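Think of it as A, B, C and D in the order they're written, each chain with its own count starting at 1.
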């Protein structure tokens, strides 16, 4: 291998890429990236050109010797890679719009990660990820796969169960967002806050929270029972928990918990968006269009501040922080998706969990904090069952299994409704679901 | 101890008692009952007299030397008992009507065992059961407690966690009803059918089903995917499963699963009943009134056939069968609620489960059939979490814990709605919830 | 399939066969055997003829329509079999003599099942068993394999881990021997005694013991603390437990426990036998020679009583009882070796355990009795580790793995001594260990 | 609380104290100790004076404002302590000599931590530790107990099971010794080596070993299979592992493993020492006498280099490092004894384990590395069973339980020999075992 690190970013034409590039620039002193390969598919070629040019300008401005490569040839990019990040969206935002709108048309939350929408996102994404892993086994078997692509929990579960590539980490900005939110609540610097995270992706809890190492959980829970403070992430801001409920729960929740503990209110809100044409996908489509207009400006050589509104705040920063900790064997603590191995007793031993880990050169190692509270084990188990059945459906292309995943999802109110949604979504996403349709055609 | 067996039935004035008496008469040859004590409270005195007189006439007609005692003095009855059965309803059917109607008034299924209604039934019942157990430890420490009282799973969980009386069995007629239903489906005698039951009370699955010892699961699942055949118990007859769903689930369901896998349809149906004044409690109130009219007839000396419409078919038969198997160390297989001890890997080791057991003189011993299918583990875990938190609330009288139980219930759509239901129900059941109100008064 | 049952007995020339035949005759009314195929290898041809002729005379005398077939063609025999029993000894008693004498020559107990001798018995036997299973998958995939061949625990573990044939039961006469012993101690009929067995083969404990369903454990433990009563099986009669020790252990032991809890005394005794040429193998060789002389008598048409001294008392009876319970879906309780599935919490979920099971037409289902006492978990785990590593060595033929199995065995005092024994035994059994030597030759 | 940290060292008159003091001096910049209380009992008064005076001279020489207090009043010392370290020996080295010599007189290894000697050390020590914890709950409930006193695993287990004081860490120098040894083997600085430790105290394994974060396990195992390199700790230097054995074991061992995997050789060596009067206790008695002669020198104001021969190398350094990481919430990785909570799947969830932990201000949190290799689970479980039964005996003073602990120890060859050793040791240590003798006297 030549000097320096080779990074491959699949879905490199994503609007998030400038943040990632900014991350590499900021950490260049500890993470000497030599090559950054931005990979995309034919349909994303134009975006790749736009964002790739911006990336090159940013690096040039920073005066760093990082070579940026833009390519549609994934296998060429993967050859001898050190770290592969994935941030693609099969079917782009149009598919997300369907993931959200079709369930809503049946009066059901789409929830594009752990809900019916997430099921379809998984069905489209998992086969592609498994394909990437297959290429990696051949072209860069020692590389780490850092997966940002949602549903990150289901994707990590699928890679753990259906491949023998162990070097995968699933990454999400929700935990870091909670830390940031707590820091803001307490009016202290983020670096002074540490949280024991445990659960699943978008179903993660903060079992304890520390300020300078001393537990401040009671104080934080108390602050959280104030409706003003209940949500940490902008795009699904809620109305606040019932104080007695959050006090009895006695752990920090994540924003996605509102889909389960405030299902009705969330549904009403999203039905309104559905009617107004302002579902999240639709909002994001506009945001993205604006972002790419900005990116085109040949004078722009920094990450534009508007990107922060996109919703993926800290995402790429989290990724670069993770890669640097692996590369440098930092042994610091970061919350990531990895194999459970007993970290959470009530989750199957070999399943993916989202949990605070020590990040070493050999990857993340979960830290033990005891089991989840009894009260949340049921919901967590339910999402884990959903993830496992959904992953199986994605791998097999089996209709019955897909229906089963749909119906056991806690947002879906009945087998009949679930089947109606499933059938409509299968049809809508047909071109991205070859496993489900090739058999019919054969 | 003198000759023969002493049975104590708490809630002896129940309309079910004639069935129980019939069971003792039928099995007298193998279960020589000497004394049957029917115990009730002051408010149930009249019913106790009516049903007790019928019981005496039935036994006289059968020509058996069983002494029937009617009493309001529970402690006197418990002295030296061999088997104690419980079939009482704290607050009677009026309370059940509230358990069903208050949640429905908020657009939520009440579900009087595993839903918000079941939570309140548990909050009223568990302290009474724990009191009975306390008396038993003093007056008949070697007696078996056979608990019919719903929510039987939650009650069994509470006794296992909060007492050191290990001789408890929770009993339900749902599994035997499923067996009967399968026998009817296959048009064979019940004795030729065996089912491997595993799960929780009213959340039990048939993992496999055998005809003369040979698995016929595929055939039965296939028959069940026919809408005509989907429900085995009269009082919550549904519309049938989506065939692909039940095929993918690949286990036998119980009728109560419709509350979770057909939530919408069940809710619509019950909202209609709510409006019409024909919720189950209201129907049963009428049935009971008619039954007691029948029971008063001094010429009646058998269990009247109308009792079967009451919904507790096989209940008392199941109880007498269980007592006989314990008494005779029969080592036959019966599905009961008992301590898990690893029978179901994904349920906590020390929790109550409903599972096929070998019934020995030392009580039920679970048979291992492997873990639950992945797809159902989540829902089962969720009900178990609910049962545990609800049992804790019943024991502590803590408002926050009760709210937590309410909100984590899969039928409850949000913390806000849950709180509204909780507050209204606490007020409605105030007189039966001393643990929650004594503190306020103090 | 034609009418009646087809039984195949591999190792049919064994001196135990007449007992097996007697079992089939006694139970013919409930187990209508049509064909009994006795299979052996070329080296056992003469014995097969002798014992086969006796079998035919026994069946003729009983007037039963069972066809006895003698053959060296295993595959012909297996075709369409219903039950396959295995009772062979790779290398015959000469090999057993080496299993015992070589370790003793190094001052170490050979213990032909769980000790260094058992390791080598496993290394010779497991490949043959896996070969039989391979044939069964092809020729009689629905047949049950009833394995008597020692080390039965290790063999069952190997079949469970290294094949996908689930219809295997490992069988041992030790538990039934303990029941018989307890019945004798208490001077009651065997049918009135039931024991909750749990552990591993030759490492099984009686967690509780019942007379007519009522626990008499305390009484039995007390009787067992009398040195006169301590051992139930003739061939390894010991000197009795220290009363305080057995009282604190508080479970029934099996005779093989003396190798671990009385290692020194057992070693002294066996070293004497070693010197005198009276190790068990040598004694048995004489017994067998005498038995075959008896068997040759053309007037003999019953199982000769001298067979009982051979040490396998109840073995064949246990086998026929087991086959009949499977065939008739009896659902009675029998202790057998089968997959754990959580029956014993401290043993891996998918490992073989010896445990009381309900015997159904679909095979044995373990009954749960809670975990093993803390005090015995260590030793049980140690034997399980030994079994697993030994099975791996048998399958791979890896020298290092075989050495590891040897050294972690609790009877082996050091890596150096273990290596010396291993090397000498590998050489001595060379012709029966092709997996270990083919590579060297290649 | 006033400024700075209050440390209490129970057994302050120990010869190790100067090392501890040196540690506090070295780390004063990050660990501002204000008060160091050295506590001992009447019998240790003279040593306390000697070592305390040296401590004062060392601190004075370092020019630090640490107040050293010498006292026999434990409760006065504990008041408002921040960290309590324990390094006492009930019965002093005379007791250790008996722990070693009595078993040897029966031909059995004494092994003063995990063997029969360790059992008695535990029986003497645990009641004293539980007493200290009781005082701490009253006088300094938020203080950390850092226990050096052997058998550290058994002591930690006892505190976890029999008290509700969760702030305990058991500490041993063996893991750090292995790290130092590996560093030396590889000729690199200690700071570049990290090992994933997992197991029990004095029964710990290195599951993987890293140089600068990259696994070098294969290389190290290979080096270890060279007899020259096999042992890392001076005082039980062995002869080296059989290369094939250590390769198949495929984990790093600790020096104490020689007692189990080289039992014979260790026994021969110790029997020779027994005869020569050179058992470890006897050697240490001489060393200690010499050390105290040195300590008396009023001109000595440093830790004398001869202390390193005492065997506790790195012990006190490990302790100060641990205290500093807790105090400063360093989140670095250190191997300590703490509650398992699932870190090692095959060890009970609530038991003490010795495992690599992240050290936070709220204490150690185990890092997950997957389960122990199959081959070592048995021995580890056996020691854990021994520790648990021994701890129970220590708490109850029950003779039968003590005998059970003795007999299940892997070094003890039979119940008879175990009983003989037990009886002789109980008598020999009578004055330190009030729980066992008060009842007899009563």
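FYI, contacts are C-beta pairs under 8 Å (C-beta built on N, C-alpha and C of every residue); 3 or more make two chains touch, one makes a residue touch a chain.
If you're wondering where the values come from, they're calculated on a predicted model, not measured in any experiment.
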Inset, instruction - Mind listing the chains that sit against chain B and also against chain C? - result: none
Legend entry - Most distant chain from chain A, judged by the mean position of its C-alpha atoms: C
Inset, instruction - State, to the nearest whole Å, the distance from the C-alpha centre of chain B to the C-alpha centre of chain D. - result: 54
Legend entry - Rounded Å distance between chain A and chain B, as computed from the means of their C-alpha atoms: 44
Legend entry - Touch-based graph of the chains, sorted into line, ring, star, complete or other: ring
Inset, instruction - Mind listing each pair of touching chains for me? - result: A-B, A-D, B-C, C-D
Legend entry - Contacting residues of chain D [partner chain C, same complex]: 241-242, 244-245, 247-249, 261-265, 346, 348, 374-379, 381-386, 388-389, 398-401, 403-404, 407-408, 410, 413-419
Inset, instruction - Sort out for me which residues of chain D touch chain A in the complex. - result: 194, 208, 210, 212-215, 328-329, 331-333, 341-345, 349, 358, 360-362, 365-371
